[in-house]
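Same chain, two partners: subunit A is paired with subunit B first, then with subunit C.
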Partner chain A sequence: MNSGLLYALTGVGLFTLGLNALIMHAHLLRKILAINVMGSGVFLVLVALGGRVPGASPDPVPHAMVITGIVVAVSATALALALMLRVRAATGKPRLPEERQE
Partner chain B sequence: MLAGLADTPWSVLVILWPLVGALACFLWPRHANPLGLLAALGSVACVATLAWQVVEQGAQRHAVGGWGAPLGIDLYADGLSLLMLVMTAMVGLGISIYSSGYFDRKTAAVFWPLWLFLWTALNALLLSADIFNLYVTLELLGLAAVALVALAGGANALTAAMRYLLVSLLGSLCYLLGVALLYHSFGSVDIAILAQRVEPLPSVWAATGLMSAGLLLKTALFPLHFWLPPAHASAPAPVSAMLSALVVMASFYILLRLWLEIFPLSGAALGQLLGLLGAAAVLWGGIQALRQTRLKLLIAYSTVAQLGYLFLAFPLGTSFAWKGALYLLLSHALAKAAMFMAAGNILRFGGHDRIADLDRVVQRLPLTLTAFSLAGISLMGLPPSGGFIGKWLLLDAALYSGQWWWALILITGGLLTAAYVFKVVGYAFTPAEVSHEARTVPARMEWTALLLALAAVLLGLFALWPLTLLDIGSPLAGGYAG
Partner chain C sequence: MSVADRSRLPLVSRGVRLLLLALAGGLSYAVLSLPDQRVELSDQVSANMAASGVHNPVTAVLLNFRGYDTLLEMGVLLVALLGVWSLGTAVAHRRGGPGPVLSFLVEGLVPMMILMAGYLLWVGAAAPGGAFQAGSVLAAAGILLLLSSKRLPVRLVGRPLRLVLVLGLLAFVVVGVTLLSVNGIFLQYPPGLAGGLILFIEAAATLSIGVTLAALFLGGRPDSDT
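Now for the complex of A and B:
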């Protein structure tokens, strides 16, 4: 197993861990962090698979994609944090209410 | 002059114009209303010129900054994306005019930049020629949409917006992981290049699964629709209209493009699964809509049901079926925008949207109720509406391919739609026990709803032009089931 594949598998592992946390945790801050962990996992996969041929210089295109992805992730996180504070101010709790069954 | 027009890359201006408009509205919030309307009109003009260019010269490809694929970003306009752009422009103009009467000065200053950013993202998404650019525009669209839902304030809207944001981010990340796998396997993100190189590898299967799952979550296909009704129902009326009419369609458009161009090998089994989920959405959404007591929730569940129809084309896979689904998409966008606007008028007029207390809306807001009924006719699929043509094409494709059970779903769905539309119309004719204080509704809000609903119905009479437009440089001609 080369190191690129190892990193890529780690990335998939991070994605899965983050997905698990996103579903299991109720606190919104944890959910937002979980999304960020998932995002880092995807970025790791992108970068790791960029070095396809061992020894050759890595493909720069995935790096450009990851930089774009990080910009998107930062703005999404900012919006999520701002929204979380508004939710807490409006409902008193930093979590989503359970689904109401009618 | 005409040669200059023909050489201008209008696809760039289609994105640039609303973007500049958004920035202008942000910088001069006092004049947000006139500036926003100007930006909306300009965007419509740009789309119209692009349409002329595509019809005259065929599909347009523009390399941004002269770089070109595979390194640079390409903008690509064919019949399919053009039709979606024109639909967006029509609904967008309607929403802009409606909003100029809906919001007070303070909210308008926040609404206009966000709405124009959303429009920019939508236009950019429809013109994107590579799957990574689609990811970026999808994220931009999602962020603007979430902020617009939160605009209503209050605990309901804020929690709905938060849930919407988490779902939207989850969907985009699944999609991005699929992009990473496809890039790794074939060394490109350009749709045209991928279409040539794609082979049935395990990584393509994984990418198909991940990208489809992410996009289905964003399109709110049953059973992934849980986030849609609260988000669409608690947003301000023009925002509900744009979410139901435009935003969910964007992820469906991406799925359709990928399905037609990159995943033609994914074959029939996944198509049948999507069709099954679509059928479940039609029935479940229809039944839930019937059970609702609030008008806006009813319309939101109706969106869940109508989205289901679009997925009935996947198991059929013929050119007729795709065209039928796209036609349904167009008429649904117009009709649903009109319906949410009508609901917004009723809500403003009576101060509530409880269906049982609608209290003779018909005498006081005749235009609004006409708009609601006309939109309902298109959703039910009665002739001569646009919904009828779409359902007819799908029905035809279902019977032609021998899969008659999809036809049953189409008909049952139509009956359910009729039931919930008549439920609303019926209450609007009867006097309620509680009388309420009435507020006036600006005339432009009533007229835009009516004109959009009318357009949805008229779409059935002028079906030929959009259907031939779809053939320009479009992948719709083939389809794996022939």
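Now for the complex of A and C:
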């Protein structure tokens, strides 16, 4: 196993941990953070797989995608935080209302 | 939460954890079993580097070979900012200026960061760097200024601010449409002009990215706007 694969597997781990937090926590800030952790995992997988052939120069295409992806993720996070603040202002709670049938 | 719910919850969360573990195992298997030979993309990139106008393959992919993607990503940034602005005006900042440490730092750091952004933009043609990195540094400088309660003068908030925000997308589209009318292909740079055009687009994009990210940090429309 070379270091590129190790980074890629770490990315898979980060993605799964983030998904776990996204499902388990109701607080919207935690959900937003969880999505960011998932995104970091995806970026790590992409960058690591771009350089997984030892000796060859890294593939620039996934690197270019990750560079723009990071900036887009930051702006999407900002939009999500603004939406969260609106939800809190409207309902008083920073979480989505729960669906209860009974 | 009722008593029945409380006793059921650990079981559900255990099930979710098991599913997630299975997902992680599947993804790891997918990563490990990827074939060694890659799609020929990186070979194509290195074969066409001479025509790209820059020496850094990542910049060549971003601004030349996949210019479309980057154009649309500038659009995404703008849409995110529109979303934030449509949700309300900026949160009123706290009164009282910054402490002595912060203002000292801001005075020292912000000029250095602007210089750094210019350097990153220029060096992106040949080494790691480029519009997105330079724009991020510029945005950090802007956020430092916002944190120390500095705001744009009111006369700059309206049209001048909006012009800078759309500058990157505008430069991209103008270059693309001009080339479309000259040689019939959108964003197909002539090899002799490619370097200059890329630098032009990147300079505009750097400004837009920096200002957009700093404006996103504000969390709403600038207040003098309404």
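A few comments on the model shown:
Criterion: the second predicted complex is superposed on the first by the 100 of 102 C-alpha atoms of A that agree within 3 Å, B and C clash if a C-alpha of one lies under 4 Å from a C-alpha of the other, contacts with A are read in each partner's own complex, and residues count from 1 in each chain.
In the analysis below, contacts are C-beta pairs under 8 Å (C-beta built on N, C-alpha and C of every residue); 3 or more make two chains touch, one makes a residue touch a chain.
Values in this document were obtained by computation on a predicted structure and should not be read as measured data.
Shared-chain residue A:L96: touches subunit B; no touch with subunit C.
In the overlay built on the shared chain, the residue A:L83 is in contact with subunit B and with subunit C. Shared-chain residue A:L28: touches subunit B; no touch with subunit C. Of the two partner chains, subunit B and subunit C are each touched by A:F15. In the superposition on chain A, contact is made by A:V61 with both subunit B and subunit C. In the superposed model, A:V72 makes contact with both subunit B and subunit C.
Applying the stated contact rule after C-alpha superposition, one finds that A:V45 touches each of subunit B and subunit C. On subunit A, the patch touched by subunit B and the patch touched by subunit C overlap at residues 15, 19, 45, 49, 52, 59, 61, 65, 68, 72, 75-76, 79, 83, 86.
Taken together, the subunit C residues at the contact with subunit A in this complex read 13, 16-17, 20-21, 23-24, 27-28, 31-32, 34, 36, 38, 41-42, 45-46, 57-58, 60-62, 66, 69-70, 73, 76-77, 80-81, 83-84, 87-88, 91, 130, 132-133, 135-136, 209, 212-213, 216-217, 219-220. Here subunit A touches subunit B in the complex through residues 15, 19, 22, 28, 31, 35, 38-39, 41-42, 45-46, 49, 52, 59, 61-62, 65, 68-69, 72, 75-76, 79-80, 83-84, 86-87, 90-91, 96-97, 99, 102, going by the rule given at the top. Listing the residues of subunit B that touch subunit A in their complex gives 71, 132, 135-136, 139-140, 143, 146-147, 150, 153-155, 158-159, 161-163, 165-166, 169-170, 173, 176-177, 179-181, 183-184, 187, 189, 226, 291.
Those residues of subunit A lying in contact with subunit C across their complex are 5, 8-9, 12-13, 15-16, 19-20, 23-24, 45, 49, 52-53, 56-61, 63-65, 67-68, 70-72, 74-76, 78-79, 81-83, 85-86.
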